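Each in structure tokens, the structures are laid out below.
After this come two complexes, each holding chain A, first together with chain B and then together with chain C.
And now, the complex of A and B:
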């Protein structure tokens, strides 16, 4: 009986033969570590890029999005718990889709980008890596929506194939991470810095939950850390919480609380702070930080107006707007 | 007297009712823990509806 150690995420599960790691899908089969969901996604959809959300990366385009079961976090408020908190064999349906088939399908559907998303792509790492390598050869972009709970070595290896990432920073508080997600803060901060260092286009999402992580002093500390470590041009998405899964005792985040959090983040020096899950809010749109010109107007996940110049500048003051625009 | 009572129509109906009740109770206890083959339905990519509305975040 040979146990194997999974070095992929900071949990570093030691898995006995025939057993599974904390994520449910990484198993020890005959002394070898295997991901049971390799080539077997349970969710495949074509979404707007804005849904990831990635606002400064090919706006208005469609992204071929896939996910398998399993996750290495166990957030009490998980919106996708029916996918993330199950093993592959517990799903109602599974697609047979090896990496070349995924890339072929994305191209046939006219998508220029792939997204590894919904659950956490960290746990189906090998599938992401192999699919990304083929997608890169075929001229497609690889985007990643993750909680960033991954060890530095595998993340750096993957970064060579990634074009963009929206990474959750669920709170700027280790106690919150431990209580609400079952993870810890520092590895997430390290992952964010690694993504920035490796030149992956990075946007950050913070889900603001009433009473748990909506303290303005904490928002200020988080935004200041982002400004210093990731740069003031890193977009921050402050998203509205909705009661979900095992956290139904709290109300949805009031729009005013999101407005206050946004002001705090802007005051801390971040230049692009958005409000998510509030359709029609003016902070769904992108504004020039120099003269306030409305640059990209969004309604929900739709881009209804894009005034950026071809090389990504404000048409009024010629300010260069950071992002990957074409 | 006792034997006559059990063999009477009234006693028989009561025993049958109690047996039925016991059977339903036992099945209710056993059903959730019985092994079942609930493997996921396997589909090819050709069967996927990529544009089906969904409520997954991300």
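And now, the complex of A and C:
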């Protein structure tokens, strides 16, 4: 029996022959670890960039989004569990799309960016890497929506090809990570710092779940950490929880709880704090932190109005707004 | 004898209330079973995620091979792994 040790994520699974890693899709066949979903996505969609959510990165553009089965987290509230909590051999729908075909399809559809998303792109790393390399050569952007549960070396190698990442910070509490996601907090914090250090445009999402991670003191600690380690200009998306998968016993997050959390994060010094999954909420939009001018008005994932100047400044006070605008 | 008499007198003064019936035993059992089920359900829910992510998974290898043969899956060698060392192999926990 030739067991192998995976080095990709902090789980460091030791996998005997015929077994899979915790992610279900990295399988030891014949003593070699196989990326079984390489070039075999189970989800392909064209989304608005705002759905990732990336609000300071090419707003209002379309992004060609792909995902394969598998995930290295097991969130009780996963919204894509039909995809993420299954192995490739369990999927009914599998597309055959090798990296060159993905890039070709994205260009044909008029998308200037690719997104590796829905499940967690960490687990289909090789597919992401090869596709990103071709996309970069072809002038497309590579964006990444991840839980950030990845080891530093593979992440640094990938960062050279990434343009933007929305990374989940699910709670600022290791106990929450262990109970609700099956992961741990510190590697995620390390990944966030690495993404920032490597110059990848970074936005952070925190799904606010009633009673589990909506404590205002914890929100403040998280926002303070972000301010100090990632910078006050890092956008934070506070998203509304909807009961699903194995967490149907809690109600959706009340809008007032999200408002309170947003105030707390703004008070802690973050300049761009958004509220997600509440279409029509005023905090879907971007405001100038200096004079409060409405810069980008959004309704849900739709950009209704964009008043930023061509070089990404507030038209009223000329304040430079951080982001990648064109 | 004297003590026994005193005890009997006390028993008369404070007659023992007979309150244990079979139906109450059934009720107590029902409450205990319900509490147990709720407890198991809660702990299963809370520990579900933490039980996962503990190393590796047994998978249907025959199904994986079949889908590789049909082209639905790939046998592309992954990056970021190494043959397990003797110390690492000891971590492998047998799975059913």
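We take it that the second predicted complex is superposed on the first by the 326 of 326 C-alpha atoms of A that agree within 3 Å, B and C clash if a C-alpha of one lies under 4 Å from a C-alpha of the other, contacts with A are read in each partner's own complex, and residues count from 1 in each chain.
Assume a contact is a pair of C-beta atoms (placed from the backbone, for glycine too) under 8 Å apart; a residue touches a chain by one contact, two chains touch by 3 or more.
Because the structure is a prediction, the values reported are computed rather than measured.
Because the two structures share chain A, they can be overlaid on it, and in that overlay chain B and chain C fit beside each other without clashing. In the overlay built on the shared chain, the residue A:204 is in contact with neither chain B nor chain C. After overlaying the two complexes on the shared chain, residue contacts for A:123 are found with neither chain B nor chain C. Draw one line from the C-alpha centre of chain A to that of chain B and another to that of chain C; the angle between them is 50°, to the nearest 10. By the touch criterion stated above, A:96 is placed in contact with chain B and with chain C alike. Contacts of A:6 after superposition: chain C is touched, whereas chain B is not reached. Of the two partner chains placed by superposition, A:188 touches none, neither chain B nor chain C. Within the superposed three-chain model, A:29 lies in touch with chain C and out of touch with chain B [touch as defined at top]. When both complexes are overlaid on chain A, the residue A:52 reaches chain B alone and has no touch with chain C.
In the superposed three-chain model, the partner touching more residues of chain A is C, compared with the other of chain B and chain C. Shared-chain residue A:164: touches no atom of chain B or chain C. By the document's definition of touching, of the two partners only chain C reaches A:75; chain B does not.
After superposing both complexes on chain A, the closest C-alpha pair between chain B and chain C lies 6 Å apart.
The intersection of chain A residues touching chain B with those touching chain C, taken from the two complexes, comprises 88-89, 94, 96.
Within the complex formed with chain B, the chain A residues making contact are 42-46, 51-52, 64-65, 67, 79-80, 83, 88-97, 101-102, 105, 109, 115, 117-118, 145, 166. Interface of chain B with chain A (complex): residues 39-45, 47-48, 50-52, 54-58. Contact residues of chain C toward chain A in the complex are 45-61, 63-68, 71-85, 88-89, 91-92, 95.
Across the complex, chain C is touched by residues 2-8, 11, 13-16, 18-22, 24, 26-27, 29, 31-40, 72-76, 87-89, 94, 96, 125-126, 129, 151, 153-154, 178-183, 246, 249 of chain A.
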